[in-house]
Amino acid sequence: MSESNWGRWGPDDERGTLNLLAPEAVRAAVACVREGRTLSLSLPIRGATSSPAPATVPHLRGRPLPQHFMSVDAGDYAAGARPIGAGLRMADDAIVVTPHGTTTHMDALCHMWAGDELYNGHPAGRVRSYGATRCGIDKAGPVVGRGVLFDVPRLRGVRHLAAGDRVPAADLAACGAEIRSGDIAVVRTGWPLTWEDSPEAYWAGQPGLSAGAGRWLADRDVAMVACDNAAIGGLNERQLADEDLGDDLHLILLWRHGIHLAEMLWLEDLAATGRTEFLFVAAPLVIEGGTASPINPLAIL
Amino acid sequence: MSESNWGRWGPDDERGTLNLLAPEAVRAAVACVREGRTLSLSLPIRGATSSPAPATVPHLRGRPLPQHFMSVDAGDYAAGARPIGAGLRMADDAIVVTPHGTTTHMDALCHMWAGDELYNGHPAGRVRSYGATRCGIDKAGPVVGRGVLFDVPRLRGVRHLAAGDRVPAADLAACGAEIRSGDIAVVRTGWPLTWEDSPEAYWAGQPGLSAGAGRWLADRDVAMVACDNAAIGGLNERQLADEDLGDDLHLILLWRHGIHLAEMLWLEDLAATGRTEFLFVAAPLVIEGGTASPINPLAIL
Amino acid sequence: MSESNWGRWGPDDERGTLNLLAPEAVRAAVACVREGRTLSLSLPIRGATSSPAPATVPHLRGRPLPQHFMSVDAGDYAAGARPIGAGLRMADDAIVVTPHGTTTHMDALCHMWAGDELYNGHPAGRVRSYGATRCGIDKAGPVVGRGVLFDVPRLRGVRHLAAGDRVPAADLAACGAEIRSGDIAVVRTGWPLTWEDSPEAYWAGQPGLSAGAGRWLADRDVAMVACDNAAIGGLNERQLADEDLGDDLHLILLWRHGIHLAEMLWLEDLAATGRTEFLFVAAPLVIEGGTASPINPLAIL
Amino acid sequence: MSESNWGRWGPDDERGTLNLLAPEAVRAAVACVREGRTLSLSLPIRGATSSPAPATVPHLRGRPLPQHFMSVDAGDYAAGARPIGAGLRMADDAIVVTPHGTTTHMDALCHMWAGDELYNGHPAGRVRSYGATRCGIDKAGPVVGRGVLFDVPRLRGVRHLAAGDRVPAADLAACGAEIRSGDIAVVRTGWPLTWEDSPEAYWAGQPGLSAGAGRWLADRDVAMVACDNAAIGGLNERQLADEDLGDDLHLILLWRHGIHLAEMLWLEDLAATGRTEFLFVAAPLVIEGGTASPINPLAIL
């Protein structure tokens, strides 16, 4: 049995939403709304396959990029297709998405583990070709809570962190924000800004939380950690995490504590507001057995 | 130029979010939260392709159903695959989704039109194979507003409406809820309940709003209309809308008034609460040029 | 170790083509060409997703049908897209295919097994999420050999067999064709003709070879068995095979004898020629680790 | 009307196979078989998405690479899934392929054009989102003919051509092979060998036929031209063809003469045999409205 903060059901229990944020926490979160201004914290999904567009969005090297296809569009009518009925014209489409490493997404608790058990003792063998019958993203439930921004580059007076940076707990504390049980820790590294330099600059590695920072957040009983990097913890130049099993950020947060993770957020617009407390909403698609969902997380200020 | 309520930019203007809900409306919407309880209004996405699962979710006959593939899962490790590094195990996946008619989704303003112009005079020719450069779902912006439930079956004392029902404006008015500019009208028909009888029962047609009801909502300047049916308006037994161009619900709401639409919601849990006013949140994926996005809309009570 | 006819490599051997048809057999097969006329034995792949087209091709109920998307087409130019360079216009596309049960295809030897070993003792654990590293369709190699048509409906004087028909070995013998080691047995049931009546007629079950007929062909050391039904053996009304493990056609042919299988061929044009001996060619795509490949098999008369 | 060699039907004619190779040509082609040895001329399709495999096959930079997913595999059984019936275990899969620029494929005649007409006057407007109703790969028909290898690097005594090489007609003539009407010209540049150096080396450009060589082959009335490069003609370092409309290889061969094209073949094994005349077979999948099909072309020696 893991050091579960958020497990509302044990290894023999298959029902319901895992992370049921307490009503009082939701009400308190909603009270964070001051201006009534909504910001999307998402990267765009660019899937036009016969153009360079997909490669213009930050992504981990080698991952299969999104594909977006129009199955009917205005070109069909321009080329002579007849409208529907008395003159109705429509556009229809399809997308192919592999969320990890390619777009803003939320991990399910089944995404990573060690040994034979997922988070909270659920048998790993329940994660098979047809999906994860335990700890899938469909069990995660919507996330509505108090978001707290840890703007680490701002703390350090830099535009973005360096690839080798591993953010210590002391930096999170120094950001000065009060963090409470049930909050969503939103951590900015600024790393997506390097994509503008070149993909190679982005792929040189990734800054991220240190194991100590991960434990610091787990100790404060956050419901979720959301970062603008690709893996919460850092990555080396081979796009791998360096930590051993005891210090791996996914294992600390997701596996031992049942804390959901979201990666590849876009936090530049939020950081520019100077606001560090807001209503945070993430509504993962209810993909049965999914290991993740693309999301468009919101900060409502 | 259409009778645009919500057009913040005209045909020559490519920038920004189209439906920018006013900050005061968002603050007022947030004030609807009383309990702090969050309900998902989404159908599940069941995409396991080597099982009957995809066909167990309500959908329009003949539409390509979601596909969900695990590119790494626990079975690999059970069959002998080596963990990563010192023992990390992961699961990874991909989804293929054609939102219209297959799952809970939000339409972009480019989804339907007549003639050569989209909503608000934008040239239809901008909707091509690589996506819609005008009025795509990426321009829609997140929706955060006051949700108002119109529970028509409850009004009529039935479990769900009949396939041939076209809900008149008088029924919406009789639901008694106050509806204001910027609100999200959430209309329940109960039609997804027929899926439990059989797919054929579901495919017999679909109840929906009448043209008059559509105009009634447009006159009240709603930001969005969200229904649990597949097409807002009704469908006949061939799954087609019967109205002429002047009365088609998509053309009235989406095309003439720039009112976003969401279809195939699951409203049974919300209806059971008896609540008719709540904070409504829909965060479509930022699919550049998309005609729609699957969504997991939320009612926060 | 299975009763392998065609296994050219054993359980520890990972290299090369599995079914290497002997050069003299290929030369003899080529000598079957008399007219110089080529027939395709394939069903069409209809993947236009915003039309009923995909559902108009015979397929097993519930299988995910092919999807075909144009990522650039003439409609784009009609709607104003600029040509490439001085005036070049192009069309580009993508397909999504799940071969089993949806289109004319060839099974890999890894497609079915019992216990923990694939054909010829190869460990089943080598078939994982990233594909089959043993017995994948990439190991099958192209098939070029003497094709022999067993036109069972013609033998019985009927248009097509009945759903419950299980073709006995005696019927194959009665077709009168000489069958030799290395040949490709092409067996016609005529079942695709029922699709013209209705999908429901097609889904009522499927005629197929009996276990005895399977053994009869294995005894004659054929290289491959190709049928116009969906599963070589028959299927009941739930689209399942009825035989026990000893009599299952896939286990007899694929698993015990390493005889490749192809299903869902279109044999009506070939049957109409009256020819029963021809050059047969099937060139599966070299999908590493694939369990099957869509194919366009040829009969060269 | 184009200078069509192979057009068996005109702009108002929608039926049948376009390139109907004459029976006598097929019989003569079959007579090329001497040894009875079959070589695949195809690159592998590597689609395992959670590994670097897809990127290990030569492809044009930026193209969407193949994806291969196992929807059931042995890992499921190792992890506890129950077999079917009395013990049947199966593996099932799906592929996503965008043929142009990513794998060995055959172009349809609708793939490229200039102005408003496809090959032979067919209206370009017939190529829409649902596919090409004229000149699609489904109309191409199987290719069975006399293959003639033009091994240009061998002629020049080099391992492979240089990126800037444009092969003149004189080189084709100097290869010494007799080329006749209906033949398939198989031209080797050796360019795939540069992939072993690095992807960047491969992407530096591509050698190809000159316009003069294209015309030389058209004058000799070949049925098809198949190369191991990505675009028949050469490409510059931006992966674009440099020729003007009059000299573009696709326009000369595909558009003006209705000569089918196949690209990205693997010709190293064939070149090593020293054989220059053989039976060539290409059986494109019957993708209705397709602009191309992945193929596994065969040389039967």
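Every chain is named by a letter (A, B, C and D) in the order it is written, and numbering of its residues begins at 1.
Methods note: contacts are C-beta pairs under 8 Å (C-beta built on N, C-alpha and C of every residue); 3 or more make two chains touch, one makes a residue touch a chain.
Since the structure is predicted, the reported quantities are computational estimates derived from the model, not experimental observations.
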Chains contacting each of chain B and chain D, listed by label: A, C
Mutual neighbours - chains that touch chain C and chain D alike: A, B
Homomeric contact chain B-chain C: same or different residue positions, threshold half: same
Centre-of-Cα separation between chain B and chain A, whole angstrom: 23
Chain A-chain D separation of Cα centroids, rounded to whole Å: 41
Whole-Å gap between the CA centroids of chain A and chain C: 43
Multi-partner residues of chain A (at least 2 other chains): 48-50, 64, 67, 69-81, 92, 94, 96, 98, 124-130
Overall pattern in which the protein chains touch one another (line/ring/star/complete/other): complete
Touching residues (chain side chain D, partner chain B) in the complex: 48-50, 67, 69-81, 92, 94, 96, 129
Chain B-facing residues of chain C, complex: 49, 52, 54-55, 62-65, 67, 70-73, 75-76, 79-81, 96, 98, 124-130
Chain D-facing residues of chain C, complex: 21-27, 30, 33, 35-38, 40, 42-48, 50-51, 53, 64, 68-71, 73-75, 77-78, 83-100, 110-115, 124-132, 138, 141-142, 144, 240-241, 244-245, 248, 250-251, 279, 281-292, 294-298, 300
